[in-house]
Amino acid sequence: MSDRQTTIHELKERMAKFVHERDWEQFHTPKNLSMSISIEAAELMEHFQWLTVEQSKSLEPDALQDISEELADIVIYSLSLSNFLELDLADAILQKMEKNRRKYPKEKVKGKSHKYTYYKENDGDDQ
Amino acid sequence: MSDRQTTIHELKERMAKFVHERDWEQFHTPKNLSMSISIEAAELMEHFQWLTVEQSKSLEPDALQDISEELADIVIYSLSLSNFLELDLADAILQKMEKNRRKYPKEKVKGKSHKYTYYKENDGDDQ
Amino acid sequence: MSDRQTTIHELKERMAKFVHERDWEQFHTPKNLSMSISIEAAELMEHFQWLTVEQSKSLEPDALQDISEELADIVIYSLSLSNFLELDLADAILQKMEKNRRKYPKEKVKGKSHKYTYYKENDGDDQ
Amino acid sequence: MSDRQTTIHELKERMAKFVHERDWEQFHTPKNLSMSISIEAAELMEHFQWLTVEQSKSLEPDALQDISEELADIVIYSLSLSNFLELDLADAILQKMEKNRRKYPKEKVKGKSHKYTYYKENDGDDQ
């Protein structure tokens, strides 16, 4: 299996089954899952903590394996939260991407980190 | 479009195009993206900060819309990091789920939060 | 030594010495330290991840010891960042407390979590 | 007032009074406060998200003011958690610093980020 064949729905189903078989719905509440995502995000970040931005671009195979597991954990808990909230995650992503396209028009923000930050801080003013 | 039709690959492609059109590859480095995921995770958590675990289960439609956008942001940045690292994210998720299945055998951990925590703290000993 | 005798200045001095003796100023940059604080905050959170809000109030001595170490780490990195930025941290705290007193007048917000959340979401409107 | 004159105890007392006057002890539970610290840490991080490590060293006065407020928030919630848990925070910090001194002997780790990471990943083996 792979990115080309696997739908969000399929991943959500597998996660729902995993949680249900363990009777863990009682722990996988929105409040707890938001904490879990944040904790896994910090574990991912830990790999880059003392690297320069440049160094973070060339990683050893071992680090890359660890990082792929942390990234998987983040998305796994995001799938579980989508299940709990009965959200269509693909839909939410596509809608957010569309919103971002309007918010950061490519001709205006191309290659500009200053602009990017500027627009971020002026959310809503620039739409 | 929806969870049933959308593959991880398709979402990654859309994100790669969005980043490329803005010449933002220079900012979307692993170190920066790990920070972005963590920041979005905190914005998600903010919605649940002062709620009890129970209250977090019944959310107003407005809150639910905000939450779906935060969750989308988390996965969007995760897709971008997968692109940068040339990771097969679906594969990483499926492998991690398999690892978790072995780590938390359903007959052993069913409905037990204490056990769950216990096993978490004893990572590696229980495999 | 103890809370009653120890000034912020003294803790900052000890941390500056620790960093300087290891020639770690090069790693203790604001960007990196902001990541460190966030990572330690997640490690603190991990202790409460699967507990109810109520359960989090009565902790075992072992957990309490771990938690006090995580909390120490958070403040240690905050002291180091204050050193780098040459901030008077006590001053910043006292000013922020004063700002919060004006923002959340006690007669208006007393015992109200709804109000609390409400005021938080309406930052600036309520001053 | 300032870092030179202000003890941890004094800051804790002021925070306890602030919380008590608003009857907010019911919300300032360990689980919630750990989330608050993490959320504020992310808000701090947001200022450095798209900067290089170098850029993060020279900040505009406006950014510096915002950053000092975020840092204050982090320590404010840490004080509140110390109050709830009846921890002597200065003691916890001094003990953790002593532990770190043993863990990272200055002659061994001086100026070495690789070693630093290495030692971090080998917690416990190197004591």
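We call the chains A, B, C and D, going by the order they appear; numbering starts again at 1 in every chain.
Note that contacts are C-beta pairs under 8 Å (C-beta built on N, C-alpha and C of every residue); 3 or more make two chains touch, one makes a residue touch a chain.
Here the structure is a predicted model, which means the values were calculated and not measured.
Annotation: C-D is the more contact-rich of the chain pairs A-D and C-D, by number of C-beta pairs in contact.
Of the pairs listed in B-C, B-D or A-B, the one whose interface repeats that of A-C, with over half of its contact pairs matching by residue number, is B-D.
Centre-to-centre separation of chain C and chain D, using mean CA positions: 5 Å.
One inter-chain figure worth recording: chain A and chain D are separated by 26 Å, centre to centre, where each centre is the mean of the chain's CA atoms.
Chain C has residues 27, 32, 35, 38, 41-42, 45, 48, 50, 52-53, 113, 116 in contact with two or more other chains. Residues 27, 32, 35-36, 38-39, 41-43, 45-46, 48-50 of chain D are the ones touching chain B in the complex. Taken together, the chain C residues at the contact with chain D in this complex read 1-9, 11-12, 14-15, 18, 21-24, 26-27, 29-32, 34-35, 37-38, 41-42, 44-45, 47-48, 51-57, 59, 64, 67-69, 71-76, 78-79, 81-82, 84-85, 87-97, 99-101, 104, 106, 109-111, 113, 116. Those residues of chain D whose C-beta lies close enough to touch chain A in the complex are 35, 38, 50, 52-53, 113, 116-117.
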